[in-house]
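For reference, the structures are reproduced in the following blocks.
Here come two complexes built around subunit A, the first alongside subunit B, the second alongside subunit C.
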Partner chain A sequence: MKTKFINGVLGIVIALMLGAIVMWIQGYAPFETYTALFNYSLGSFYSFTTMLRNSVPLILTGLSASVAFASGPVNLGQPGQFLMGALLATIGGLYLDLPPILMIPILILLAMLGGALWSGLAGLMRLWFKMDEFITTLMLNMIADFFTYWAISYPLFDKEAYSPMTPAINPNGWLPEFGNFNTNIIVMILAFIAVWFISKKTVAGYEWRIAGQNSLFARLGGCEIDKNYLKVMLLTGALAGLAGGLVVMAGPHRFLKGLGANYAWDGVMIAMVANNGILATLLYGLFFSILQTGALGMELITDVPREFIMVIQAVIVLVVVAGRGYFNILMDKIAVRRKAKEGLE
Partner chain B sequence: MDNNDKPVLIDMQHVVKVFPPDVVALNDVSVDFRQGEIHAIVGENGAGKSTLMKILYAMENMNAGEIFYNAKPVHFQSTGDAIANGIGMVHQEILLIPEYSIWENVVLGLEPTRGFGKLDEKKAIADVLEKIDEFGFHLDPLALVKDISVAAQQKVEILKLLYRNVSVLIMDEPTAVLTPQEIPQLFDELRRLRDNGHTILFISHHLDEVLDLSDRITVLQKGKMIGTVTSKSTSKKELARMMVGREVIFSSIRKPCQHGDTVFEARNICYRDEDKVERLKDINFTVSSGEIVGIAGVEGNGQFELVNTIMGLITPQSGSIFVQGKDITEEPILERRKLLSYVSQDRKTMGSSASAPISENMIMTHHKLEKRFQKWNGLVLNFHEVTKFAEEIRKRFSVNMGAPGAPFQSLSGGNQQKVILGRELSLSSPFVLLDQPTRGLDVGSIEYVHEQILGMRDQQRAILMLSSDLDELFRIADRLLVLYRGKIVADLITGKTTINEIGYLMLEGTIHEN
Partner chain C sequence: MNVIIGLINGMITGATPILLAALGGTMTYYAGIFNIAMEGMMLGGAFFAVLGSYYFESWVVGILFAILGSLLMALIFILFSVKLKTDEFVTGVALNLFALGATTYMLRQIFGVKGAFASPGIVPIPDIDIPLLEDIPVLGQILSGHNLLVYVGLIATILCHYLIYKTRFGLRLRAAGYNTNCLDTSGVRSDRIRTISVILCGIFCGLAGSFLSLGYVTLFSENMSAGKGWISLAAIILVNGNPWGIALISLIFGFSDGLGLLLQQYLPSQFTSMVPYIATLIALYVYSSRKKKEKFS
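== the complex of A and B ==
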């Protein structure tokens, strides 16, 4: 636990330093750039709450990927599950009219249902036809992409709009805001607690973790591998779908073209950096949101383009992931050297 | 011929090898090999024989020590480097391309070429044929490797090294893949190579073979060098003592068994694999409560399929399996686990999750079958009970371990096996299936495991044990079955048979007529 933390912090520091070198070579001022970056993501209540709101889809898709990867299934369908969740929440928001206390939970459930349907489809294809979810989830991403595009261009199209989008959903389904503090963060934290509890404390979570590490051992031990597989697919799909629903309910309050942005792939990346750890996913999700939110300010204050953040993200992934592998090798080497000396005596 | 006159060719000094994190595979081993001798390296499983040879061949690096070759210190960077210097290794398993002909396999990587890097096929075949004739190998260079026998494939492996002008041949258990009839032929060839000036280093744990073939013998025990002796001046008994550090207890430690009702029954089991090869042929046997039934056999004679059939990883085409009268042939694994404990032959791939905590490795299966590990209607794990259980197992099976939350891989091999045994034997199942329960363990741990198994028998459990170690079977089994080519060819009372008889049955499938 402690070494993991050191490894992560060290990785981020090294990555930021490498980023500074790249900026310096290109003739930018690294210190000012980083000051602007962190000012615009942490410097004030406004920027801080904006950063929190932006972190929600990153963390939820990240959790989706983390739980899936740690349990075995290679669910790479977060982009599609995200869009289907957003679509179902939007449809609910357009056609239902209930008081917020009912409306909001129902839309949230619809979002989760949308994502779970999409991942469940891939899960069933695996169980029934032995099709690898690694492929099917990727394929279903495409279908979801074009299907939602069609849905917002034709049946759900806002007649007054100039580009593909739906009308705004019923305001009763909007997530309440206090100042700039959006309650989507509360939903995310509840989801995080639930995921953490399921993974660490329940019988199912125990079996998923073990099966993710050694499936044959779990199977011989009497765990029902197929059932667990489907459960993991449904849960992780629901998480990605929830991310999509919350983006609609907290932000534009409608489904517009390009809604998914890069959230889901960033989530997969976060899961990788976090080595599929639940808490690590939350922390890295927050950090990536700091970078992405601050990037806007960085672009405003300095000449460094916003895209530069992608460089830093990529370097973090490389340094942390490669560093983790190397760190373990290093520890092994040290242990071996010590033992070899003992052995000689 | 007196070997002491031959010059020292390779001298390995103070070799230390540690596998991460703290498994000492070789502990200050010093040994020399002389020019033109056949030198056997013997020891039990895990003694460090293969590791020592792999270090010489530069497949593994050493953590300390020196190697002198022709009296000069050497440090080979790669196996290619070792081969270029005349040291080659033939691995236990055949590493050839089946679809290629013999000559193609031999020249692969070192092909004679004409202009523009074009393969000179004629020269290649001629070169290979020349080597075949030189060493009298009786091989057709044009034959495909997949069409020739395993013994011939092994010759191709040797030929491959001779083609590269290797003068030191390391052979890792070369007889393991051969039939008894093929072994003398291999030995003749190896002797001829030695007489031509080659040096042969030969790993084995068959003492008869070693005494028959080698000039000198080096014994390793648990990573330590015990000594080097000349074959002429030693005996099987002495070698055995050197290998295990004391007189081998060939005597049985069984008490007469009082077995009760039939618990396990296999009835007419036939299994054909995906390639339509018959792996199990009409298997019939029973195991009663309070009885240990051992299954002997050369590996690959149906043991794997039999275990998988019992565990439910494969379904036989016909026949049934009963435990306490319940037909479990088609039951899911969870249903089977209610009736049977299972210690798999491979701790890593089947018996544990290396990175999961020790405690979570201990409660596997228990978490499904015992209410005390569950709360909230079976949804949530009761971690209080999990920790308590870990303590129970630690005490009962004297596991030397850190906190129950430490990863399983932090345990030594013997303690890992204790955890697995602890988990399986504390299930309240009437039937216990043990597949090579002592593989890779040191002598002390083996004794411990045997005591535990006998303890289970006293609790009137029915125990089925597969083992490739005949001594082990004779030591604790009440009855012995021999698997030969997927068939049970013998069902004998341990006290009324001999190791030789079982050995013969394993190799030939019948008892000698004469």
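== the complex of A and C ==
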């Protein structure tokens, strides 16, 4: 735990320093830029709550990827599942009219259903036809992208809008907000606790983890691999779908073109950098949200384009993951050397 | 008739970037590297192609820049996955995102635009008319007058086939993937073979990228590789890396691309754009069911 933490912090510091060097070469002021970045994501109550709100889709798609990778299935379909979840929640929000106490849970369930349907499709392709989910989920991402684009351009199009988007959903389906504190965070925390409980405290979660580490051992031990596989796909799809639904319900309250574009691969990245750990996913999700929320401030104050953060994120992933692997090799080497010495004496 | 010729020409054009990227990917496939970074290498290549072509007013420099840009990505890949032994999958995903972020960032920094950069100053790669062949009625229309890189793709297919199956390097390349320890104990450093394979992959992906931004269209737009790297990966897996098989699969994907354009008269463009991805799923289905049969027979 301690080495993991040190490794993560070190990786982030190295990546930020590399970013600072690039900025310095281009004639920007690195220190002021990073100050602006953290000020705009942590500096005030407003920016802090905005950062929390933005972290919700990151953490949920991250959890989706983490649980999937840790249990075996290479579910790379978070972007597509996110979009289908958002679409189903939007449809519910447009055509249903219930009091908020019913409406909100129903929309949340619809969002999870949308994501689970899309990941379930990939899961069934694997179970029935042995098609690798690693490629099918990627292709389904593109298909979902075009499908939702069509849905908001034609059948659900808001006739008063100039670009593809749906009308606003029924206000009863909006997530309540206190000041700038959006309740999507509460939904996320509940989902986080549920995921943590399932994977740490239930038999199913244990079986998934074992299957992820050693599928043959799990099968010989009597786990139903196929059934578990489908369950994991459905759960992880539901998580990504939930992320999509919450974005619609908390943010623009409608489905806009390019809704999920910002979160497309972030979930997978967060899971990788967190080494599929559940708590680590939460922490890295928060950190990535700090970067992304602060990027706007960075652009406003020091003119560094906010796209720079995308580069920094990728560098963080590479440095932290490479560092983790290399750290272990280094430790092994030291241990071997020490043993060799002892042998000599 | 014209429709058919148009469809065939569309097929060839659509196939070229996938073919070039997949030929690069097949090198690493044989070397036993799970390389998913074609997407990022292509995108990097596409950006640098426009950069070189625009500033030096020459498509030759454009192609050279594309190869250099793609090689830069390849070197990062080598540093992490070959030297530092980082997980290849993680390296690939991070590199793809790095390419996406870096090209978007540079698009804004260098050209001062968001989304896409198009200018009459970008010199495209020329089309080549083949003498004599171009005079034959139908055949000439199909075989002649394509972009230079289409012919490069064809030659590259032949060369790759030769390189992989007929040369000493090809043998070592395949050995690196088949049995690393055996190669190492016979005195050839497998790491070096892997490094060369990634460099070759970078060169091919650079060519593919330059076709995207200087051949297919003459502009650079954000994320313009749009999943083509992933489709080329699917193509490699579907034919187990055989260059001629890759050419065939690329043509099928190219056909689905052209078919999508043709269908635009009847369907909303969002549905026709799905066609190549659905084609990939169908191809994967055929492949998997064939494999399943082999297992039981």
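In this section, the second predicted complex is superposed on the first by the 344 of 345 C-alpha atoms of A that agree within 3 Å, B and C clash if a C-alpha of one lies under 4 Å from a C-alpha of the other, contacts with A are read in each partner's own complex, and residues count from 1 in each chain.
As a working rule, contacts are C-beta pairs under 8 Å (C-beta built on N, C-alpha and C of every residue); 3 or more make two chains touch, one makes a residue touch a chain.
Worth saying up front: this structure is predicted, and the values here are computed from it rather than measured.
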First (subunit B), second (subunit C), both or neither touched by A:I290: neither
First (subunit B), second (subunit C), both or neither touched by A:W265: second
Touching partner for A:Q26 - first (subunit B), second (subunit C), both, neither: second
Which of subunit B and subunit C A:V203 touches, first, second, both or neither: first
Touching partner for A:M131 - first (subunit B), second (subunit C), both, neither: second
Subunit B or subunit C, by number of subunit A residues touched: C
Which superposed partner A:L94 touches (first subunit B, second subunit C, both, neither): neither
Touch list for subunit A against partner subunit C, complex: 26, 125, 129-132, 135-136, 138-140, 142-143, 146-147, 149-150, 153-154, 265, 268-269, 272, 305, 307-311, 313-315, 317-318, 321-322, 325-326, 329
Residues on subunit C engaged by subunit A in the complex (per definition of touch): 76, 80, 84-87, 90-91, 93-98, 100-102, 104-105, 108-109, 226-227, 230, 233-234, 237, 268, 270-271, 273-274, 277-278, 280-281, 284-285, 288-289, 291-292
Parts of subunit A lying in touch with subunit B, wherever the complex brings them together: 201-204, 206-207, 209-210, 213-214, 216-224, 331-333, 335-337, 339-340, 343-344
Residues of subunit B touching subunit A in the complex: 14, 16-22, 24, 27-28, 63-64, 311, 313, 332-334, 336-337, 342, 344, 349-356, 360, 364-365, 367-369, 374, 378-381, 383
